[in-house]
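Labels run A, B, C, D and E following the written order; every chain starts at residue 1.
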């Protein structure tokens, strides 16, 4: 899994029928210091993530292991919202303070 | 998933029999600002995408989760045509204006 | 899928028994302008590709979706020989002229 | 598989229900000389790894081949704790000495 | 598949139970000229490869398509030992001469 920040949304009316009802969010990938890496991913939202939140996302076939994404052509899923990230003994990110 | 723009097509008469009838499109990958990243992908078209359109494509085993690509040796599929892309509160791409 | 050019072969007498009979070709990856990217892949040949030909290859689990590669430890397969590649309205590659 | 060092943890109260009880650790990827590469991965812990330990982690669908991660949206798993790493005839890492 | 050279081994006593008996080797990735690319992979050995040998390895779910690695959390496998590599009409590597 990688860390990401929710930075956007996209609207697509013409799509694979099985994707109906799935919400796609645009994520900027973060490194372990909470900084943007330059990479991004569009992922289905399985947890109700909001704009600006730091999330954990899984890619590949793992992205279909949720009830919302199963058997759908989806290769990225937000599966957790990060509350706290601690790296090297320091609290790098704390949602309570960020919010 | 990643964002891409349809930039080309390819013709292949000698191919795996199971690929018969699949349309392959050449995509240039776009970043969240709608700019080309330099990467590309050849993907099967599951939604009837047209030249110049901005699309969402899935890679890996996800690419076989459509009725057109199931059980075929295909690792990339266009599964949605993007109407609007909003990043950081700004409308980065709007198909109505681009068209 | 990515575009590649067949540049070589390899011989391996000691290998997983299930690979017996599979032909492995060395591919240099091409970009959408038909230029080498610096990346390569060794792929199983499912279509009888020849030296110098431009091909389309799939990677990951897609590579096992052919009768020749099914259930084998193979993560790359040539699934089509490219006749024509058109990008941005221009004919970038034409097998008839290249041959 | 790649080598990594456990450098952190993360807390996520809102997540996919199936992830309940899984422990996620933050790994910095190491190269074969035991140096950090700059890449990282968040992985589920299947072996009880501790802070600072050098581990072996698997990504992709392999990450779901443990009793703890099966059928869960997880694309990275720590599946072994490295005791000794020998490269080019030299002992690059020895847990007994590092500890 | 990619080309690699066996450069090391690792010892791990604490690991996923299903990995018991699998031998993990450290591989430096080679390019089509037989030169190191800087990338590496730790892979399970399915063919009895020895130190310094040039091998072919598969990654992802392909790595579990051998009797030794089936259903195990393993994302890389050595599935062939390369005897000869011919690229661009030249013999880039010949095990008989290298040995």
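A few remarks follow.
Here is the rule we go by: contacts are C-beta pairs under 8 Å (C-beta built on N, C-alpha and C of every residue); 3 or more make two chains touch, one makes a residue touch a chain.
Predicted model, so just to flag it, every value in this text is computed and none were measured.
Counted as hops between touching chains, the shortest connection from chain D to chain E is 1. One copy, chain A, sits rotated relative to the other, chain D; on C-alpha atoms the angle is 70 degrees to the nearest 5. Chain B and chain D, compared by their mean Cα positions, are separated by 33 Å. Centroids built from CA atoms put chain C at 21 Å from chain B.
Shared contact sites, meaning residues of chain B that touch two or more other chains, fall at 60-61, 63-64. If you walk the ring beginning with chain D and heading to chain E next, you pass the chains as D, E, C, B, A. Against chain E, in their complex, chain D makes its touches with residues 1-3, 31-32, 46-48, 56, 58-66, 69, 77, 79-88, 92.
The part of chain C that touches chain E in the complex is made up of residues 7-16, 18-19, 24, 26, 28, 40-43, 60-61, 63-64, 71-76.
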